[in-house]
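One structure is given below, represented as structure tokens, and several questions about it will come after.
Each chain carries a letter (A, B, C and D) given by its place in the written order, and its residues are counted from 1.
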Amino acid sequence: MLVLRDSAEFVESLKDGRTVYFKGRRIEDVTTDAFCKTVVAHLGLEFDIPENPRYRDLVTFTPDGKTSYSRYFKLPENSDDLLKRSQIIDLGTRLANTVVLLIKEIGTDCLFTLNIVSKQMDKQLHTDYFNKVKRYHDYCMKNDLAMAVAQTDVKGDRSLGPSEQEHEDYYVRIVDEKSDGIVVRGAKAHTSYGPFANEIMVIPTRALSEKDRQYAVAFAVPANTKGLKMIMSPFGGTTSSEFHNPISSQHHMVESVTIFDDVFVPWDRVFMKGETQFAGSIALTFVQYHRFTAISYKAPILDLLVGAGISMAQMNGIVGASHARNKIAELIRYAETVKGLTKQSALNCRIVEGLAVPDPVYSNIAKWHFASNYHKHVALVQDLTGGLTVTGPSEEDLRSPETGPNLRKYLGAKKGVGAENRLRMINLVRDLTASDFGGYNEILQIHAEGSVEASKLTLLREYDAGKCVDFARKIARISSVAE
Amino acid sequence: MLVLRDSAEFVESLKDGRTVYFKGRRIEDVTTDAFCKTVVAHLGLEFDIPENPRYRDLVTFTPDGKTSYSRYFKLPENSDDLLKRSQIIDLGTRLANTVVLLIKEIGTDCLFTLNIVSKQMDKQLHTDYFNKVKRYHDYCMKNDLAMAVAQTDVKGDRSLGPSEQEHEDYYVRIVDEKSDGIVVRGAKAHTSYGPFANEIMVIPTRALSEKDRQYAVAFAVPANTKGLKMIMSPFGGTTSSEFHNPISSQHHMVESVTIFDDVFVPWDRVFMKGETQFAGSIALTFVQYHRFTAISYKAPILDLLVGAGISMAQMNGIVGASHARNKIAELIRYAETVKGLTKQSALNCRIVEGLAVPDPVYSNIAKWHFASNYHKHVALVQDLTGGLTVTGPSEEDLRSPETGPNLRKYLGAKKGVGAENRLRMINLVRDLTASDFGGYNEILQIHAEGSVEASKLTLLREYDAGKCVDFARKIARISSVAE
Amino acid sequence: MLVLRDSAEFVESLKDGRTVYFKGRRIEDVTTDAFCKTVVAHLGLEFDIPENPRYRDLVTFTPDGKTSYSRYFKLPENSDDLLKRSQIIDLGTRLANTVVLLIKEIGTDCLFTLNIVSKQMDKQLHTDYFNKVKRYHDYCMKNDLAMAVAQTDVKGDRSLGPSEQEHEDYYVRIVDEKSDGIVVRGAKAHTSYGPFANEIMVIPTRALSEKDRQYAVAFAVPANTKGLKMIMSPFGGTTSSEFHNPISSQHHMVESVTIFDDVFVPWDRVFMKGETQFAGSIALTFVQYHRFTAISYKAPILDLLVGAGISMAQMNGIVGASHARNKIAELIRYAETVKGLTKQSALNCRIVEGLAVPDPVYSNIAKWHFASNYHKHVALVQDLTGGLTVTGPSEEDLRSPETGPNLRKYLGAKKGVGAENRLRMINLVRDLTASDFGGYNEILQIHAEGSVEASKLTLLREYDAGKCVDFARKIARISSVAE
Amino acid sequence: MLVLRDSAEFVESLKDGRTVYFKGRRIEDVTTDAFCKTVVAHLGLEFDIPENPRYRDLVTFTPDGKTSYSRYFKLPENSDDLLKRSQIIDLGTRLANTVVLLIKEIGTDCLFTLNIVSKQMDKQLHTDYFNKVKRYHDYCMKNDLAMAVAQTDVKGDRSLGPSEQEHEDYYVRIVDEKSDGIVVRGAKAHTSYGPFANEIMVIPTRALSEKDRQYAVAFAVPANTKGLKMIMSPFGGTTSSEFHNPISSQHHMVESVTIFDDVFVPWDRVFMKGETQFAGSIALTFVQYHRFTAISYKAPILDLLVGAGISMAQMNGIVGASHARNKIAELIRYAETVKGLTKQSALNCRIVEGLAVPDPVYSNIAKWHFASNYHKHVALVQDLTGGLTVTGPSEEDLRSPETGPNLRKYLGAKKGVGAENRLRMINLVRDLTASDFGGYNEILQIHAEGSVEASKLTLLREYDAGKCVDFARKIARISSVAE
């Protein structure tokens, strides 16, 4: 038996009275609004994939041998589970033409995290979080829910901690405690797909000190919960033509500022309440899973940069030129370095509380390598493509009887390519790298799933440098030294 | 006496029946069309600058002590002329918020080129081009015209020369010669501001061999000449709000594909006809001037990257963080390296046929440095700015009574900054680096005024490596060696 | 039964009358010459490793379940064989303090190559090379021989092919054919450890065209063969003190110019004779194995750069400084990227003629990454170490009663470190990176096992770009196009 | 009249009983010791230059129109003085085959500094330092002395200030004050050419706080002062053959650890005593001059990298290969960027207390650019040179009748070059980049005259970022904001 919703069921589930704003107005129904419809159609892909027999085995799992669920919900136990998880993230993103779907990925990153940290808390503090987490996990799995995670607080002055800000609400906090639950207030930035999820999960964004007790809170609420407002960002998307924007006219990633205006959360959905000493554990464990998700969904865009770069070099007749060959080799090297290190992260996983956690050394190096080299490789593709990327004509000019014949004659490039094919590939490059969507991609690569600085910190913390230091001392013939 | 048009005269001069296409339709009047109006207003700045007493002395010159013209037309005789030229290019671009005006710059780059090469041709071939060039120069200067230069042929298969293409017209060529002039056919790509210029000047894009005689052609025609079609590119611009796009909503650079459909050119406007051996000279001399123009108009965008980067770091409260300080130092280094080398190019100018030509070693190194590092420094600014660049709310959300108070409370960052100021600066960064306009900028930096590969070639050709080789041989104690 | 020689047997085997020159004189016995003795002691490590029970299982294999040989000789059949091979290369190099031993590695790289290509030749040309190769492989294995490979011809003018040179002998060639074998003439450069090997194997260095038939030759000769001269390079080594040069005073890699002065080779040692169409296959297959060897033996030096960098930062008291942390993170990232990609190369191996060949995409990216970033990371370690690296005192000054107490007082750095320990670590860094040996390392990283340009070529040839191009076309909605 | 010593007088002046140690023994006379003799001969060049009529005008100045002194002593008043100073630094270094002479440069950097800061101290504190500095300046100038500057304290734990160290003497300090002067104790590292100078000048290495009063000391002593010990470093030099080490066998830069064992300094040679608030001014002003010296003496090595790179590409027959051309273009770009920015530093000088101070923005960017790219460009030259750099034969092998003919035949490369010429150029590259001396160069580029981190700090402090921030705010339409 397959316990999976189809895309129609997913769409239907979004008609629940949620409070979403866009460009200054309230969106009554995200499934009918012109802009949101494109996002919903894009996300529907996630639910269509298991329908395809070609993919079904990969994207589902059958814990009891009878009932099958989305594989995203499978608690990873070993390298193989992580490799398969990486593959399904890649698959979904590839089918969505490089725009990650993320409504399963990030939520399960968070569920795995809560699974691990709740066990740790229960052990050390004799709390009873693990069972709540388990029930909630089952609930999401059995209803095949779409999930968003609101983690990054709006932060105010970033040089100050939660308690030191101009006002108390720069980090989400507990403002009241009742017999049946808690009341939370604050705002989270950058919530991916929040307005299109069934569940919004909330976790701390950083380690907290004792005085930040009210900020140590983790919970989940349905998207239509009272007091929850989501203000969608208008940037990075477009509703222009498929010809001009072959990707972004069909696929949107959407973020919101997510506001908790004194939202009530019942006890069974509260996964942390004041345990400041574990806030950092949640933030860090989540990051271990989430950066692995991040590097897994980069594979399609990496392949596309390679493919577009080669295609343009071929079309322009420069594929044999030394400088073009160099650029193509660089693109391949970039793509495969990230992909190879991603696999190493799965293969070198660590077992924590029974769950396989991707190796943070390799995942953070992969992330760092990707993020710190993205713009450089975008430049290579833009270079191979040519200035026509932003000086060329529109589709309408190509179709016009007055200008079309001129353009077809003059923009033909290498024999046999044809102006239309060339402009299509050029448009792909512009859409991907030199447009509102291209700009969105650049910002995403730098900021999503933690900055390069964050990756360096994790790397320094997680790397076993002792063996290297010992090797150096042995060769230097140093017996003992203070550190 | 000041022989300069004001912006109203400039606008009026564009109502001349020119053939311009945009998004599939013919633009009847570029001064009234909604999109074009913004470009015209932007370019009008060029004509307003001399009206300002603060700038007048800098931007004009008075060859006979009585009549003053735009300084752009001054034939450079020494370093000081080039330094001043660099300053007026910087000034215009700065007043246009980093979007270069270019309707004087590029045309005079071309006039200087023709001035030099016509003298060379006349000397060697006993032609009479120089006097024609001089008359044309005077004509442009005395009428204070806006000029565009159409140089880059559409090229077809770039691995093949003009005569080897699938059809003969991939490079502009002479198709007929009449008693009173020539007839030309072909198309040029990337013509900046062609639809907004009074004059379109055409020169060869590369060195030519003897068999390419029909392609060795240089000339100028008024923008409304019969058979001349300009198809404007729709990319890189926007008509969105000033709040969301503080630069690109006000300033557009526009390129066209410029088609010569059997255009007649009278003899007095023909500056090269079949002299293949000088096609390369024109292309190269033009490039010496034009790359100097290029590096001169980069100064404002370099300063803006520095200023925006620092502002965002201050607003976000991270200006004291080590990683932020590093990024700011990198931005400063980048900006000042390009600016310092630009000055060196003027200071080390060469005198050719009585004209000061910017030193190509320094101008090409400056260009290379700028172009090959632009994306990297964009990434630094994006990094300092934060993810909100593409996940933040719209102006309408900020103004809405329903969401505005929430946003002002939560997006405030460092005390005293305020959400609105922060969003304004964030929007500036997005507009400049992560939008259709930002993409336009990236492509421009890579492709305009010649690629990095072209700069390397020029550098290798122009550098006096002999003194270095001699120094190496002297130290290695090598007396003589075949090369 | 263990069929392995110990180091004494190895040493003994080198007393065979071979013709070796060093600094202008003939070395009568490489086992007694002062400089050569150090090399012999260093290489002896290779034969001592299997004696150590801790390593024996790893470094041997037992094909028939009874007799054990050096694992180097095992024909790799799968990823696991390649991973183990990588481990034993790492182990030997690590025990030799980062200086690769190579007298088993490179010879077996060559044997695997001949194994594959001889099968291909026999299939296509009906020759009988494979059996000869097999017999020779067995001979080397059963006698546990030390092998060198002379591949790189001296090349003359590198822009010309073998037949186009000033004289015919710039590439090793067959000058005569007799009833019992062939006579070869020419010279090979960069032969690693030739003067310390039992066998010298020779293969072509590049693809050859039909007219280069005499250059298509592969063979093996004992090191003391008549007419074989090896001129050892004096560079990169030192005989200075262990304190000043903790690595290079104990471990030397040595290369020679290897001259074949009409050397006779009997038929059973000739593995290619005129089959020009397979010269490229040998060169390329060898490179697949040899670059995998290369990236495998880099792991210890990578770890040492990390370890030395961290140690110096600790000793100098800057380990908490932001810039130092950045440098350490960069070093870790560098090391682990190369190591991770090396493992991927084994894991993605290809099976050719029954043998596992390391994936050339990952091995070449690893090689390229290592080689193109080595100097940069050396600079990071030098930066963390300080100027004292080349301005500090000698061991004699430290031991002198006149200056020792001063130096111990003033060069102490962080409390508890002590001047002597600090100077030891500084000396390690200087020896590794800023000395004759450090210079040797830099050149080695750039040139050994093929240049970065060679890695790019291989990558472009071996990469399956089709899937990326298809992905780009699908998204761009291009159905078919000429290429 | 020319008041300049010749090299014989310089040599004679060094026989003064100074206390110098080298490799564990006291050097009785630095002019006769085998190793030191080479250094003395090298430094003698400085005194031979003015003897050459070709250089005399440049390297001298005549303040009163009658008596001429070394131009080094001229207090710079404007850009032209700084440009000339840069030229004489370049000239001396070039004549010494890239090894800077420095016995005039650094001392006058220090004299200019004391000139400025003494005026500032006198004004603010009503001290009388300026007259002492002036008398000392005249003394050095009129006796044409060789000077060394001991600035960098040994520092101990670099994370701690002078007063916080394990013992009080990690920074040079005043231990006693007498009626006729002060007594100082401590040690300075990296003193260039101390053992070969007439005067040792001492200044603070950093800004100091009030509690560091005893460390705020500046003074000068003759090199043979009692209690002054100099321990010479043995690294970076060689006494090998001119053929193998064409530069380093003839030219040595030498540093010492300089120990002040309770050295007495009379009042007229004390230039700071306890004025902690000006310790930073001295350190910073010195750095402004000294970094300008640094970038000025880099020009010859930059030219040599270009010249050696091109020569090797020519000799190897690869000068037309695309990858080689790229590398050569990179080398030229590197060299000219540093040289161009150096000139800008002089041209943009600031006037402080009547003296021209090189613009720190450009000098620090030039320094940063040089230091952070040196290793990369060394790698390019090594790449163009080939592996033979460390695998080739010795001079003795080339001269030997047994091996010489073989080597001349086989190592010939491009027709007409010849093995000997090629080996000479290869040896130059190895000596310069891949040897003890090459390692010395690498360390020097990173650490001498302040690290890259120090350059960044200076840049951030000295840059007028306000104009950039204002530009960004104007475009973003932000009126006022807290910072």
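Criterion: a contact is a pair of C-beta atoms (placed from the backbone, for glycine too) under 8 Å apart; a residue touches a chain by one contact, two chains touch by 3 or more.
Since the model is a prediction, treat every value here as computed from it, not as a measurement.
Engineer: If you average the CA coordinates per chain, which chain's centre is most distant from that of subunit D?
Structural biologist: Of all the other chains, the one whose centre lies farthest from subunit D is A.
Engineer: Just how far, in Å, is the C-alpha centre of subunit D from the one of subunit B?
Structural biologist: Centre-to-centre distance between subunit B and subunit D: 42 Å.
Engineer: Averaging over Cα atoms per chain, report the distance between subunit B and subunit C in Å.
Structural biologist: Here subunit B and subunit C have centroids separated by 51 Å.
Engineer: Send over the residues of subunit D in touch with two or more other chains.
Structural biologist: Subunit D, residues with two or more chain partners: 323, 414-415.
Engineer: What pattern do the touching chains form: line, ring, star, complete or other?
Structural biologist: Graph shape, chains as nodes and touching pairs as edges: complete.
Engineer: How about subunit D: which of its residues touch subunit B in the complex?
Structural biologist: 94, 97-98, 242, 246-247, 300, 303-304, 306-308, 310-311, 314-315, 325-326, 328-329, 332-333, 335-337, 340-341, 343-344, 347, 361-362, 365, 368-369, 414-418, 421, 424-425, 427-428, 456, 459-460, 463, 465, 467-473, 475-478, 481-483
Engineer: Which of the residues in subunit C end up touching subunit D in this complex?
Structural biologist: 21-26, 152, 154-160, 166-167, 169-170, 186-187, 189-190, 229, 231, 233-236, 255-257, 259, 261, 316-318, 320-321, 323, 374-376, 378-379, 382-383, 386-397, 399-400, 402-403, 406-407, 409-415, 430, 433-436, 438-440, 442-444, 446-448, 451-453
Engineer: Could you list, by residue number, the parts of subunit C that touch subunit B in their complex?
Structural biologist: 322-323
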